[in-house]
Amino acid sequence: MLHWYSAAPERDSLFELCAAVAGPDDTVVLLGEGVRAALAAGPALPDRVTWLAMKTDLAAQGIAENQLKASVGLIETDELVRLACRYPKVQSWP
Amino acid sequence: MTEVLKPRETLLVLSEAPHISSRSRERLDLLLALAAGDWPVTVVFVDAGVLLLAPPAEPAELQDYPAGLGMLPLFGVDAVWAERGALQRYGLADTALRIPVRVGDAGEIRQLMEDAACLM
Amino acid sequence: MSLEFAIMVCHRPDNTLMARHAVTFAERALALGNTVNCVFFYGPGAAIALDPVLLSRDEFDPGERWQTLAKTGDLDLAVCVGSGERYGTVEETLADGFVITGLGRWLAAVAQADRVVRFS
Amino acid sequence: MSLEFAIMVCHRPDNTLMARHAVTFAERALALGNTVNCVFFYGPGAAIALDPVLLSRDEFDPGERWQTLAKTGDLDLAVCVGSGERYGTVEETLADGFVITGLGRWLAAVAQADRVVRFS
Amino acid sequence: MLHWYSAAPERDSLFELCAAVAGPDDTVVLLGEGVRAALAAGPALPDRVTWLAMKTDLAAQGIAENQLKASVGLIETDELVRLACRYPKVQSWP
Amino acid sequence: MTEVLKPRETLLVLSEAPHISSRSRERLDLLLALAAGDWPVTVVFVDAGVLLLAPPAEPAELQDYPAGLGMLPLFGVDAVWAERGALQRYGLADTALRIPVRVGDAGEIRQLMEDAACLM
């Protein structure tokens, strides 16, 4: 399953639920405010899940790549489209 | 439109508290539209969204739109779930809710997502 | 493989990050050979369809990008009537290229689509 | 003791809880013998001043409550011009009882007020 | 000093800052979404500060009084006005 | 208006990230209006608001409105503070920011609030 997480990650309770719901074959794409979850000092990202973040949202919020957890991959829109084609379903949070 | 409407097993997650933005209202409207259209629908209340299930204690000034939930049983929607942790956090674990719910944790919510044909 | 997308847009117009994603996603989905059977503006998303003569969104105006895309492709930009009434997007204030419809239009799009996505 | 208030209203119109507080605060401040030298609608608050003929805010319409209050007291309902342009509140779409002004109006109100409060 | 806290308390980081900034003579009024901070299972409320919550917001969100921390007082608008008169300054969060 | 404008020592707290809502933009506009009007103003960046201080890395498509901060020194505003914990959380503790800031924790932020004549 594909997840799009765009809520502010400072809202711990929803982020933790998303991270707990996501399974081993899942990908969570962080977008919008959600990209702040990729910060090194951000919440724990379970490594059974693939974590990606939208490059443009990091740039727009002034977040540099060296501030991120190494486990988070960076993507652009074409890859977001391809993921939405590859996975049959997308869960948007919130 | 000439296509025949083929309803799909749909799951909705409601995560926002009532009255602080139009979002919870609009998600509820969408749920009721699906139910009224005889779509097979499952709903999961998570995070502050569980507050929609709390019994009404509204001042009359604000429209009690969560009352619309009372229509779900009439539409035959009985797949109503709530997140266990959120019910506890918001003090609703031992409260009589507006409608009967099944209580689940992340594993059960995940299974509901897997079982649905469509996530809305 | 070409897939048919139904896209729900529920973010607020001033969430410029999500606004940019939604329209760029539609643009690139088409460019990569897919189709988009409906873009449905729901909830706060209805305010995206306000006539630009009433606005000065100097930072980023998602409405204009959608209008441009609608002109080049065969996209249906459908604004939920109920949401529009909540945000002031009615026939008198509607931008060119958008139409006001009911939730039924969205359900028909979902019934037919291969993929349903929501930008919230 | 009678105090002079300057009130900034920046919440979104669909935050019905804050909407109710802002207008009730102004009502009760006056009722308790104070004055309100300016209510300044800034940011998303500018959308509160949209003409009600364009809207159907069935849940709670803060704009109408403000209009009623302005009729009975000597309240100045000032909408920031820059915010209005971002939210579609311009002369053509402005509700009766509100005026469009610059930030200077707010600064003048603050300079003179005993108390400055903000509903956000 | 008087504080009005109306952000979602699920946004831990801002709530913690407000609670840390508030001093012994301060009153924090929880209003709007902020009232959820008064829940028994909510964040810690330092007891050097006076904590109040708007009654109508609790009711509108379906929160009953027996779900709250005992240390939080409940008020209505007249009291909010009186507090704003008594304290020379109000800090609104956010 | 015939009253003489008496500027007051004003403190603004900026707590919202750029580009995800108009709020950060509008708070910044207010700050610049105060500074341009020669009001003695102090600004504190807290929580996600510290991201406004991050060096520009914008795609050109979004207007770089935090660049307006560069005007503060020109207006003589040098009372610019940032929350220590937030700088660390957002990875900005060792970064060259857009403008020089003093770093403070809750105790110092409280003192700034006490010293101000007006909190906006």
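Order of writing sets the labels: A, B, C, D, E and F. Residues in every chain begin at 1.
We take it that a residue touches a chain if its C-beta (ideal position, glycine included) is under 8 Å from a C-beta of that chain, and two chains touch if they have at least 3 such contacts.
Values in this document were obtained by computation on a predicted structure and should not be read as measured data.
**Q** Which chains make contact with subunit C and with subunit E at once?
**A** Touching subunit C and subunit E alike, sorted by label: A, B, D, F.
**Q** Identify the chain pair with more contacting C-beta pairs: B-E or A-B.
**A** Top pair by contacting C-beta pairs is B-E.
**Q** Which chain lies the greatest distance away from subunit A when centres are computed from Cα atoms alone?
**A** D
**Q** Please flag the chain sitting at the greatest distance from subunit C, going by CA centroids.
**A** Between subunit C and every other chain, the largest centroid distance is to E.
**Q** Between subunit E and subunit A, is it the same set of residue numbers doing the touching on each side, over half shared, or a different set?
**A** Same residues, largely: of all residue numbers at this interface, over half are found in both copies.
**Q** Could you grab the centroid distance between subunit B and subunit D? Build each centroid from C-alpha atoms only and quote it in angstrom.
**A** Computed from C-alpha means, the inter-chain centre distance equals 34 Å.
**Q** So, what's the distance in Å between the C-alpha centres of subunit C and subunit A?
**A** The mean C-alpha positions of subunit A and subunit C differ by 23 Å.
**Q** Using Cα averages as centroids, what's the distance between subunit A and subunit F in whole Å?
**A** Chain centres of subunit A and subunit F, defined by C-alpha means, are spaced 29 Å apart.
**Q** Two or more other chains touching the same residue: where does that happen in subunit A?
**A** 8, 10-11, 13-14, 32-33, 56, 60-61, 89-90, 92, 94
**Q** Considering subunit B alone, which of its residues make contact with at least two other chains?
**A** Within subunit B, the residues that touch at least two other chains are 19-23, 47-48, 62, 89, 118-119.
**Q** Would you give the residues of subunit D that are in contact with at least 2 other chains, written as numbers and ranges?
**A** 14-18, 20, 44, 86, 116, 118
**Q** Taking all chains into account, which pairs touch?
**A** All chain pairs meeting the touch criterion are A-B, A-C, A-E, A-F, B-C, B-D, B-E, C-D, C-F, D-E, D-F, E-F.
**Q** Where on subunit B is subunit E touching in the complex?
**A** 17-20, 47-48, 51-59, 62, 66, 88-92, 95
**Q** Flag every residue of subunit D that touches subunit E in the complex, lowest number first.
**A** 1, 3, 5, 11, 15-18, 20-21, 24-25, 27-29, 32, 34, 115-120
**Q** Touching subunit F in the complex: which residues of subunit D?
**A** For subunit D paired with subunit F, touching residues are 8, 10, 42-44, 82-83, 86, 103-105, 107-108, 110-112, 116, 118.
**Q** What residues on subunit B touch subunit D, complex-wise?
**A** 19-22, 25, 61-63, 65
**Q** Could you pull out which subunit C residues touch subunit F in their complex?
**A** 12, 14-18, 20, 58-60
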